[in-house]
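Before any comments, here is the structure.
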Amino acid sequence: MDWSLPLNLSTQGVVIDRLFWIIAVLTGVAFILVEAGIIWFSIKYRRRDGQKAHYTHGSKKAEIIWTAVPAVILAVLGIYSGGVWADIRGASALPQDALTFNVVAKQFEWNITYPGSDGRIDTADDFVVRNQFHFPANEPVIVRLESEDVIHSFFVPELRVKQDAVPGMTIPIWFEATGTGEYQIACAELCGLGHYSMDAQVVIHDRADFDAWSAGQAAGN
Amino acid sequence: MRSEFLKKVSVLVAAGAMAACGGGDSGGGDPGGDAGGGEAPAAAQVDPATVGTISGTINFAGDSPAPTAIDMSAEADCAAGYGPDGPMSNNVIAANGRLANVFVHLTGVSGGPAPSGSVQLDQENCRYMPHVLGVQVGQNIEITNSDDLLHNINASPTENRGFNISQPRAGITSNQSFPLAEVMVPVRCDVHGWMQAYIGVVDHPYFGVSGPDGSFTIPNVPAGTYTAEAWHEAYGAMSGSVTVTAGGTATLSFDYSSDMAGAHVPLGEPLVIRHGEHGIEVHRGAQD
Amino acid sequence: MATIVAEGTGQAILEEHHPQTFLRKYMFSTDHKIIAIQFLIYTLFFLMIGGFLAIMMRYQIAWPDQTLPGGGILPESMVASGYMLPEFYNSLVTMHGSIMVFLAIMPMLVGVYANYLIPLQIGADDMAFPRLNMMSFWLMVPAGLLTLASFFVVGGAASSGWTLYAPLSARPDLSGVELGQIYWLLALVLIGLSSILGSVNYITTVINMRAPGMTWFRMPLTVWALFITAILGLLAMPVLSAAGIMLLFDQTIGTTFFLPEGGGQPLLWQHLFWFFGHPEVYILILPAMGFTSEIIAAGSRKPVFGYHAMVWAIISIAFLGFVVWGHHMFQSGMNPMLGLSFTISTLLIAVPSAIKTFNWMGTMWRGNLHFHTAMLFAVGFVAMFAIGGLSGIFMASTPVDIYIHDTYFIVAHIHYVLFGGSLFALFGAIYYWFPKMFGRMMNEKLGKVHFWLTLIFFNLVFFPMHGVGMAGMMRRIYDSSGYAHLQGIQDTNALITFAALGLYASGFLFAFNFFWSMKKGKKAEANPWNATTLEWQTPSPPMHGNWAETPVVYHGPHEFSHPDVEDKDWLAQNERPDVVSPAGGGH
Amino acid sequence: MAHAAAATAGRAHERGLDVYTQKVGMWIFLCSEVMFFAGLIGSYIVLRFGASDAWGEPGEVLNVPVTAVNTFILICSSVTMVKAFAAAQEGDQKSIKIYTLATAALGALFLGVQGYEYTELILHSEWQGSHGFTPQAGLYGATFFTMTGFHGFHVFLGVVFLSWASIRAFRGHWGPNNYQGLEVLGLYWHFVDLVWIILFTIVYLI
């Protein structure tokens, strides 16, 4: 019963997780207040012979309080979320000159185009590897997502990254891994009968290992 | 393709009604027919005095293309099924001047002994076995998954109704058939982009597929003169003539060459390449 | 003016003097009460079907490496060699959602209770357009048949999710489903038409047919909720119909509205779908809120706390409901800068929901709580809806949504709203208004057992899904065993499946109670709950035409425990306090 | 009808919109129709904005003069509809007959011209190098036929109801005490007319 967020391995995951737990605490408090209130009222005011209910049509003061308090909390939350969102997905958030990969989704494969030895995408030395995504840690990388057929969604839980790949669109996202290891890309948008098995290997190297791997692949092709 | 909507819908509605009534779409598969193994049972109904055999080879001139490696590294279970060289593509096998995986069938013939038994299509180590196969109209194709992982079988014919089914684990068997003749029906697996097979559907039992040695045999052909057609996924189609005598074995050979590589091979409508006076002539069978 | 009003109703009165055939009386009736009962039977049937699909799905999720028990009777296109196939699983996912939303919950909330309660609670003798009303039911019948038939055609039922995202839904070559998808889209167009006809009827009836004295702010909250819901349906359903027709054209005649190959836009489908889809969420919850307000007031023997705030909350939820659709699309590739505005509008819409929750608690506060089954379900609704509302805040926050979008966290959220919310309130409504509908009481003992089993199993099914979602389990996956990050939650998935079986089984207890009580239940009096709204001031079940004489309304809808009334703790809307207790004097 | 009216003559209501029920119903129904066409037109705008090169110049494929005439026909039918309603209120039986029939006939004429336009487009026109401007001819064709087709379907329904109203007119059904049906039908007809003017502008002229 492992009901927790998986290990986080990205810079944006730190803020996402923090925001998740802030909301968890806020909603947790509200949850306890509401549920405890309901249980308490249910017991305290349960039917008794001769008891007559208090006749009231409401209280302006109480209603103003329980309108204003959630409104203020939610407004603050909204503004905070908006700031974090802009840092991750905003128009100017995309890092300049970061290592870029093309990821083309199709039923039911992830085809990753690597920049090759020159480190630049869309050049002659690019090479494509199916269902294997290798990239270096500790530097921002950009993934340009495309789809050949239907909508897929690029999801790496440990990187706290999820973005739909939509046919006819190229959608750039970025992230920066803070550690190395082997993980998986999962498809998070129903894409047909092979949706559940549309996974790919993710290997996060340190930079030297990545360069070595990339050179090896380029030579092999 | 889409302009044929009405035709398609009528086929669909009929098929839908069939499935709704029959509770399944196992096609013409005869449950008891598996016993014969699908090889020889047709012979039982045939008078040997009136039939002969067509036997021949598919010759290949020029340099044989080098087999290409398949990168199965993301599917380790499958990759493990191959030797140190790793998995190689099996779509073009040309060696020793012979060409394998050529589908040969008689044209202008229909009828003959009804299909009996099933034809097997296996998925083993992420490859279709066999790569090219022939079936009769309505004959059951028994599709089996020998890999313990997901394969889907996506057949995209143009004349018949296609199917796109899956087999998520080892040991699952599905049965399919095609009601109309069509050479060829391409089959692919979308989980493993390299997996492809071709099914030739004809409305008679007179067909064969060349083996690794480039030879093929079509048994139990009634005596007479026929036109035969050969089809290969990379080198196109060609036709030849053959006369079968009762009790005899007629020889029929087709000559492919490496020059024909890259020939456009439309699927579904037979493409005929003839060696004419001005080199190779290409005709689309449907327009003849 | 009178002649026009009389056209439908006059005929109804005439009919009373002639013996009616079974067909006229029960099949092609124009009486809103009979139509409501037709809808009730219809929706309960589809609730059972939808639940069964979910059980099959759950079995597969919990034990992906096992064969499906009894799967052998299904055709090879669904279950091969004993194993459920992924394409059939996708059909189950799709049709579970579609059936529950469009053929069970929505028609149960609106078709059953808008039909039954609006004329009775506002003191009208029938709907404004009884024949349109009949048509709106009979359009649902072919829709239901098409839906059921779609499972048995070649290629199986629609399998692109209830949201029908294009291009998957528009390209049979990619989904493997052609006829099933067409059947479902046709059904959807019929459902849309039925829903629009219904809405026209409900809105007109509420505007023009209220009894004398039934001013806007004397209407019961159920009527308010159903009225606003009808407006939402009226404005949202046609957009879905237009989108559905375009999708149907893409699927059949070769247009490319949603297909990028022809210049179309897949995201356009999502915008159109969610422009309908989010108001739809409120179509599915507002009536439930109305029932809950009514039942809690009657159960607490207190007027609804903050009646006006409740009405304005309903109205503002409906209004905001049209400007939040983008929050379903934060990760869809939509311009990220739109995200912020949708975040703000989404968080705003949480405020009226919070007001309502606190007002229900305020209604219970210092009450005299009668915990009959209906009240238990209504209080259960508040408790469960609160969880659904709070979990919604996670996904309204765009950065958190990056991680939990399309995971089981969303599944948990939607079920806390639709099952813990809508369906709990509906169970409450069925127990509460059953005596009025059938003239008999449902069995209270069985009802209470049903409530506690439902509450326990419901939470065992859906609360753990939050955890499964946090662990990162994607929605709609057939088998999670291939993912390293999901290894730790397989035991939770099995637990959820066991609980789901319990939940489904307790539904049969309810079904038994329902049908048994219909025949053998204790005879109900006109007003078994001592409630104040008009429907309780006429016999159970009401006669054709509803009223012996038109009721006149003197005050608001929930006058419980009025200090001027001495010998009873309620005052019906058509009773005057100075007449009931002359000593007390006027209010 | 008389006894039916008598049976509910005493039925009192809280004040609603002070408009009879059928008219309220039609207004509400038209709200949903607005949303239906808004869905189609909104999609059209989004698709056209997203792929503007796929669209022809005004008049390049579509026959604007013929459609302009057709638009005029539909506007005329709205005028005759108003006249029919006015005649009913005044009890001028002869005018009722003439104008209901004229409205139905003009509606049918509109459909006829639209049918001619479709035939010409599908069979005898050229678009982007291929023969025939059809619903499959890219987004331009798809949106054109979907929007004008659904509008035509609405006109067709209107003509059916107008024919029914004409039959009733010849039976002397309409009059100063019984004009509501005509008024409600008129609302629908004017709405269909209005939608056409919008469609004509955005599909043919822009």
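The chains carry the letters A, B, C and D, assigned in the order they are written, with residues numbered from 1 in each.
Following the convention adopted for this analysis, a contact is a pair of C-beta atoms (placed from the backbone, for glycine too) under 8 Å apart; a residue touches a chain by one contact, two chains touch by 3 or more.
What you are looking at is a predicted structure, and each value in this text was computed from that prediction instead of being measured.
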Ordered by label, the neighbours common to chain A and chain C are B
Ranking chains by how close their C-alpha centroid sits to the total C-alpha centroid puts first chain C
Ranking C-D and B-C by C-beta pairs in contact puts on top C-D
Dist(centroid_CA(chain A), centroid_CA(chain B)) in Å evaluates to 46
In whole angstrom, the CA-centroid distance of chain C from chain D equals 35
The distance between the C-alpha centres of chain B and chain C, rounded to whole Å, is 53
The positions of chain A in contact with two or more other chains are 107, 192-194, 196-197
Residues of chain C that touch at least two other chains are 85-87, 175-176, 253-254, 264-265, 478-479
Touching two or more other chains in chain D are residues 136
Contact graph of the chains (line, ring, star, complete, other): other
Per the touch criterion, the pairs are A-B, A-C, B-C, C-D
Note: in the complex, chain B contacts chain A through residues 71, 73-75, 149-150, 152, 164-166, 168, 190-191, 193
Touching chain B in the complex, chain C uses residues 65, 75-77, 80-81, 83, 85-87, 149, 152-155, 173, 175-176, 178-179, 252-254, 478-479
Given the complex, residues on chain D that touch chain C span 1, 3-5, 7-14, 16-17, 19-22, 24-25, 28-29, 31-33, 35-40, 42-43, 46-47, 50-51, 54, 135-136, 138-139, 141-143, 146, 150, 177-178, 180
In their shared complex, chain C is touched by residues of chain B numbered 2-3, 5, 9, 12-13, 15-16, 18-20, 23-26, 150, 154, 156, 161-169, 171-175
So, in the complex, the side of chain C touching chain D is made of residues 1-7, 9-11, 13-14, 125, 128-129, 196, 199-201, 203-204, 207-215, 234-239, 241-243, 245-246, 249, 253-257, 262-265, 268, 271-272, 275, 550, 553
